[in-house]
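Shared between the two complexes below is chain A, which pairs with chain B and chain C, respectively.
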Partner chain A sequence: MSKTASAPHRFNKSGLSLEKAIKFFFASNAGLTIVILVLIIVFLLKEGLGFFPGYRRELEIYRIAGLEFVDLSRQNLTTHEQLASVLNRAYYAEINGKCARELKRSREAAALFNAFSDQTTATRDLILNNLTAGIDPDSEMLATLRKNHAANVQKALAKLPPTPHLTLTERTALIDSLRSRDVTAKDDPPLVATLTEQYAAAQQVQAKPLAGLRATIDAFEATGSDLSTLVSEMTTAVTATKESLQNADILEKDRKTLLAAAARAKDPAERARLMADAQASLAEQADIDGPMQSLMLRKPTCIEAHNALRQTSSEILTQLPTALSQPEAERLLRAARKAAPVFLTTLGQAPGQISQWRHDTRVPLSAAIRSFLTGKDWVTGGEWQDFYGILPLLVGSLMISMVALCLAIPAGVGAAIYINQFASGHEQSLVKPVIEFIQAIPSVVLGFIGILVFGSVLRDLSQLDSLAWVPGFPIEERLNIFTAGCLLALMSIPTIFSLAEDALNNVPSAYSEASDALGASRIQTSFRVVIPAAFSGILAAVLLGLGRVIGETMVVLLVAGNRIKIPDFSSGIGAFLQPSHTLTGIIAQELGEVPLGSVHYRALFVVGILLFTIVLGINATAHKFVSRTQH
Partner chain B sequence: MSVSPQPPAIQVRDMHFHYGPTCALKALTLDVAERQVTAFIGPSGCGKSTLLRCFNRMNDEIPGARVTQGSIHIGGIDIQDRSVDVVKLRREVGMVFQKSNPFPRSIFDNVAFGLQLHRMASRSILVQAVEEALVSAALWDEVKDRLHESALGLSGGQQQRLCIARSLAVKPRIILMDEPCSALDPIATAKVEDLIRTLRQQYTIIIVTHSMQQAARVSDHTAFFYLGELIEFSGTLKLFSNPAHKLTEDYLRGTFG
Partner chain C sequence: MHDPETLIRKGLPKGHFKDLAVRLMLGITTYCIVIIAALLFFKIIKDGVPVLFTAKAPFVDLGFLLDKNETLHVFDDAQGLRHQLPASQYSDYIKSHGEAPIYNEQTFSYSGGGIIGPIVGTALLTIGSMVLALFFGVSAAIYLSEYAKQSPFIHAVRIAILNLAGIPSIVFGLFGFSVFVLAVPVITSTPSDRSLLTLPLFIGDAVLSFQGWNSSLIAGCATLACMILPVIITASEESLRAVPQGFRDASLAMGATRWQTIRTCVLPFSMPGILTSSLLAITRVAGETAPIMFTAAVAAKDDLPWQALANPFDLLSSQVQALPYHIYTLAARIPASEYTQRAQYGSVFVFLILVATLSFGSMLLRAKLRAKLKW
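Coming up: the complex of A and B.
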């Protein structure tokens, strides 16, 4: 037996063959990718999971230093300021709405003058600088400069913005005054000045009947001053406590590092030195109790300030007018009237919260997790307190994806159905490469096209009076959720198109043949047989498109507007025209600037883990649908 | 069996058919008898399937394929004419394919598909029409308890009979069968052949087959094609026992094929 096993025979295996080597090469490549993937996941988890204990400690400091206590009052102060600002906006909207004609005329004249100045300023400054430098006014050089300037003026006059609200005579007069304008002139052209005066006069006239409202708003603004003073006093105190607590934390960390080094040191002298350093670094216990006691002594004052604010505010707010004449002003007033009772209720609850607040309640780890998952604020690098709440980013990402999918699904799936079912061979060979070509556009290029072309066009469109009925118009921000969504739709159309087309292609031709033979028309065959058979494949295509959209970074970073705030849904669908930030964008924007290992740094890793989980989930679901079609 | 008293169901007169520049059928003239089974036999590529697909104009979908000369009349109407509605034609001329191709839906939906397509039946009589079609296809007893299960769960022979039921449901006059048993085992084949013999009383059936035994078993008339030409067309008994043409004899004997 052993002889047959060891002795070479005709069918003996010959050692390490070339085939084995090739097999090993490819197997190792596949293995390497898996190893790298596992390493990435391990790294993400290792860096990310440290976040929650760190964040818990930050929240604990927030509480024991008394910042949380101050925030109880500060939040109400902020609400008060916001309410006052809404009222002010309503006031000015009412006045400007009533002087709309004067405002537009004045703005148009100013815009025309500014356009002219911008274009001629280079040559004009050249002349002025030379004159102040004392050059002979009659010199040949100055003559040349004047000639250049004159040419520039002609060019500028040739392309001035339109002024629909000025009469032709006025426009001609203004242009004439610009043409004959002296280089040294500093005053505004007479028409611009007159129109500005007219506008100011009209404002004054319109302000008179609104004097009552003005007085109410002023009184309301003044009521906050007591609480405001109190809050700023407390702020100074608690900030100092927080700093000493943080310093103590840092020293403690240093000490632990030194002790660990000492434990590892082999040389006794070296160990002794490290131990001494560690001893020296022993932090003084930060004084919490003293400042806290004095803070707690302010409780009655605080409650009193709240009660006073509530009392006066409720009196003042009843004096608000019931209606305003201008639509924008009316909208703002209505918002204020809606916010007022909420504000008063919150003020009513404040004394209870303030008296019940205790600095020594424990902050559990679950509080950090909850604050991360349900927090409405993502505030970092602030002087006061950092918050890592995922909601504004998640909502931004989801809203942008929603817009993108709403546009990309009809376009991508529709194009796939047309190309696969109805298009002639000629159309197919034209359209397919073009759609797939979109994928070749680098996303950063698409991003700046979005900023410069799409964003600007959209904003200009929204300013048209004839489109004022569209919710959310006119748009204040050029960069917003809708713009980003549109560009992402463009990016995901090729993905959805190609995969949906593949899914339609994979439907066996026997199905459509059977349907044709039963006398179905082309459209009946497509919609009753082919598309239903490809349905799960199309769904998978859409999901993979969604995965692409959620994970896309560059375009949203450039175009979404990057304002970390949950959009204001009170304006309905107009919320989609507000700027927003995203899960991907925040990582790209902040990861370069955070100190390594800080809580903020780890927070970004957790955002990364979340993003990874979402995209993984989407892809896994898509995979399930794909495998269903293949059966 | 030799001469039928009724006018022929299909009349083909001097027809030529081209795939692009290639001539697939040359100067064909033949009559298909009403309510009889006609078999088309011949070696692969002889044009018998092409001819079959001319009868319900399935060749329309193939780019470059067209009848270049001659005519095909079904029920007295030239089906190549511009005014012919292919949808209505295909309702009268049903087709069963070589590989069974039920839709990935329930058994009921498969049979009801054609009826719903043409809005031929209201909801109430739909159920009845489906049952009738399944009974005609001798499938009812096997599937009556699972009408709403997927058709893909049936066996190969059942699937093919389901396809026959599907084409019967729209009440055609002619049924074209393109090698309906080539993917079936002998038992399933026997069942389909029984079915064909039953259907013969109500429908005109044309069957393309590679199996000469099958042609002999089920058909009344047999046409033998070779390289796009009709070599011989007569009663099945006569063609098999006493072929008039040397090529036919060679083919039947298995000298080539």
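Coming up: the complex of A and C.
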């Protein structure tokens, strides 16, 4: 019985038939998705995995050539310079804070004058050029030019920037002087010059009580000179060694290529020629022992310089004042005072590190991996040493996503709740298409808006006196983490909104009916019954929005400011107003410029792998939440 | 007096103000989004309309739409008159005016002429990728909805679709670059050095060389098609499943084969749905920049894609300009000034009109479809 059931029906021909072929065709198309996914993973890994051995070799050269040794001292030197610069900034912040009025007045007058000059230079130069070319001063052409210039001056005077800190009489006087300004005049208008002088005078007055601080800072800056000379001497020496090592590597690689080609060559004569070439290009063993010995001889000098620096710095830094009057200066001074003991401790550890350092310690592969995952520098194309540390990019991506989600979650989820629970049919049919349409805006257009409109608006806003209490204001860069975050929020609102609305919609109506029947008010039903029931769906919506935000490229490439540096967290929330770079942005920016197969090229693929993993992880979690909400 | 609340209670119900406050807050949030979106469109339209539309008869600045993209030269002649000329007219001017000196010359890359190159490039990329994605996507959807039974294979396909849909577009850019630009096979007689593998074909000296298609139209289309594939599959499957099971049963009962059933009783009814949702996919394909940055797009190109070709197939292997990439170039690589605004806002406006038309069209079609197809 079972035998007949399992045998094919007699009408059913065995072997190939058209129907089976068609079915197979469709199945293979469905399988294409798997093929693409596998190809993506395989090729990302193929290009990316070569990164770690390559990077390990670079780090090895870094060590063998002695660059690492120099960097031990150089790091301390850099910290020293940073500390000095923070102190300098504090000093100038104190002075400028005290003569803020003069500074603003002088700046505003100068800005007004600059705006005027920008507008009128073109026509003015035209007259001057013609005059120097020896044109007849009474000619008709010159008259035309002068007329054009006069018209241009009128146009420029009509749109001058505001000057809230100048009195009306001053402004009128300045504008009058601009109006009557001769074409050949080169000096600044009198008011601008006076205000600049006033500002300089005020600066001098304010600097007097701070002379002690100035002397301390100068003395501190001077202490670094010994170490600085030493480092620059060593730098020249080790760079030469590094170059010879790299050349040897390249020759060795060429030789291997030649040998491989020789092995493939069919013609014996050609094979012999290739072999000969390969022999000829056999790399000379780069001389590393000689330079290394002379470098090692500097160890005692180096240690001595460090000890001296530590000694003098600790004496000088105790002379810093305890407080300054201006808030910005006070903040910087506090940062410097906090950094000083750390600086001194690292200086204290330096001699030990220097004497223990050996150029022949092996560089394991794990060092390359660790340097990639925890490195704080992403430095490429430099003359000194390339570093591929992911942290600045990761921090940038995460901070931008944080800003975006902080704005998009309340807005997206709030709008979803409103539309689903409270809105009338008319409102729904108005709001839903608008939000859907936001989703259709290409990201590059949003980036464009950010770069040309939003950034400038934000900067102008941050320069208002009434908003000066906001941390981080006035902003230094108009393209920063916050700008990018705002635009990404706008991008992810539609995703979050529509998925959250779906989740709310999927809650069975019996839930809310039951709640109504028990006498709950509308708001109780919404917030105690419907939303908790849809909670995991809303969470999934937020996660999918996060996945979209992290993976977004064009907006952050255009708007995030593209500075590869971990933001300075000492300024608190102001850190969000600094420019940054991102995982996606770095790939888009650098992939077009790197040589194929180089370590840098492979590093970008590793960033791609990381991005891929993060986003897939987020999406998988989200889908887990979705599958949990089967009512 | 239909509201039971008012029948039972006198005065305001308990918690009325709280209710009102919560509603108000949520409503304000919602309308904030709407207002921000409106402001955004208003800004683009305000700056874009003067570029594209003119007061005179045909009312549209056809030059901006139909001219090639060129470098803009801005200079003063000896009379102090300011000229803004694209490169070709500039050289004519220099020729015709001979010795007359010019002053204050400035040049702005990509800002002169029109944007026909990027428009055509985007159109080609979109058509190419949609053809590929629709062919493979609809086929895959037919398998999933018509043939598939629960099996490990189907499970794997669904997981792959889900994952593909979430991959960031820049990763697709990396994928397209490493696969379509550098690794897919081509038939050639002179394999390049970086070829991964060469297989002899025994026809003349032609070999199958895995060296990629270089940065080209076809590589860009393939990358975009891979990116949009999950969207097409999901939408098509939904449309196919919306066709009532009765149609299939009836057809099969009449003795039609499975393929005949699909061809005559399922596909025709689901085609409107598939096409509508693919309109939405088009907006996404047309708007993506990251995947084509390394696979197809080029910032400046003198000829239109079909000009200066040795044979028609070179069209596929040449780089193209693309509107989103053009906007990226205009926004990121050249400084904003009054002379570049025309190119910048004009391009964005044209692009937005394009996208808006597509997505608005898909919305209308979908509404119409829902009203029409009710079974």
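List of remarks:
Everything that follows uses one rule, which is that the second predicted complex is superposed on the first by the 605 of 631 C-alpha atoms of A that agree within 3 Å, B and C clash if a C-alpha of one lies under 4 Å from a C-alpha of the other, contacts with A are read in each partner's own complex, and residues count from 1 in each chain.
The criterion applied here is as follows: a residue touches a chain if its C-beta (ideal position, glycine included) is under 8 Å from a C-beta of that chain, and two chains touch if they have at least 3 such contacts.
Just so we're clear, the structure is a prediction, and the values are computed from it rather than from any experiment.
Within the superposed three-chain model, A:S521 lies in touch with chain B and with chain C [touch as defined at top]. One of chain B and chain C touches more residues of chain A, and that partner is C. Contacts of A:Q204 after superposition on the shared chain: neither chain B nor chain C is touched. Contact with chain B, but none with chain C, is seen for A:A510 once the two complexes are overlaid on the shared chain. By the touch criterion stated above, A:A411 is placed in contact with chain C alone, chain B being left untouched. In the overlay built on the shared chain, the residue A:A533 is in contact with chain B alone; chain C does not reach it. In the superposed model, A:Q293 lies in contact with neither chain B nor chain C.
Once the two complexes are laid over each other on the shared chain, residue contacts for A:V434 go to chain C alone; chain B is not touched.
After overlaying the two complexes on the shared chain, residue contacts for A:T613 are found with neither chain B nor chain C. Contacts of chain A with chain B, set against its contacts with chain C after fitting on chain A, overlap at residues 521.
Within the complex, the chain C residues that touch chain A are 13-15, 18-19, 22-23, 25-27, 29-34, 36-38, 40, 43-44, 76, 78-80, 82, 101, 103-104, 136, 139-140, 142-144, 146-148, 153-154, 156-157, 160-164, 166-175, 177-179, 182-183, 194, 226, 229-230, 233, 257-259, 280, 283, 286-290, 293-294, 324-325, 327-328, 330-332, 336, 344, 348, 351-352, 355-356, 358-360, 363.
Of all residues in chain A, only 425, 508, 510-511, 513-521, 524, 528-529, 532-533 touch chain B in the complex they form. Residue ranges on chain A touching chain C, taken from their complex, read 18-19, 22-23, 25-27, 29-34, 36-37, 39-40, 43-44, 46-47, 122-123, 125-126, 129-130, 133, 141, 144-145, 148-149, 410-411, 414-415, 417-419, 422-423, 430-431, 433-438, 440-445, 447-449, 451-453, 490, 493, 521-523, 527, 544, 547, 550-554, 557-558, 584, 587-588, 591-592, 596, 604-605, 608, 611-612, 615-616, 618-619, 623. Chain B makes touch with chain A in their complex at residues 56, 58, 61, 63, 86-91, 94-95, 97, 99, 101-105, 113-114, 117-118, 163, 166-167, 170.
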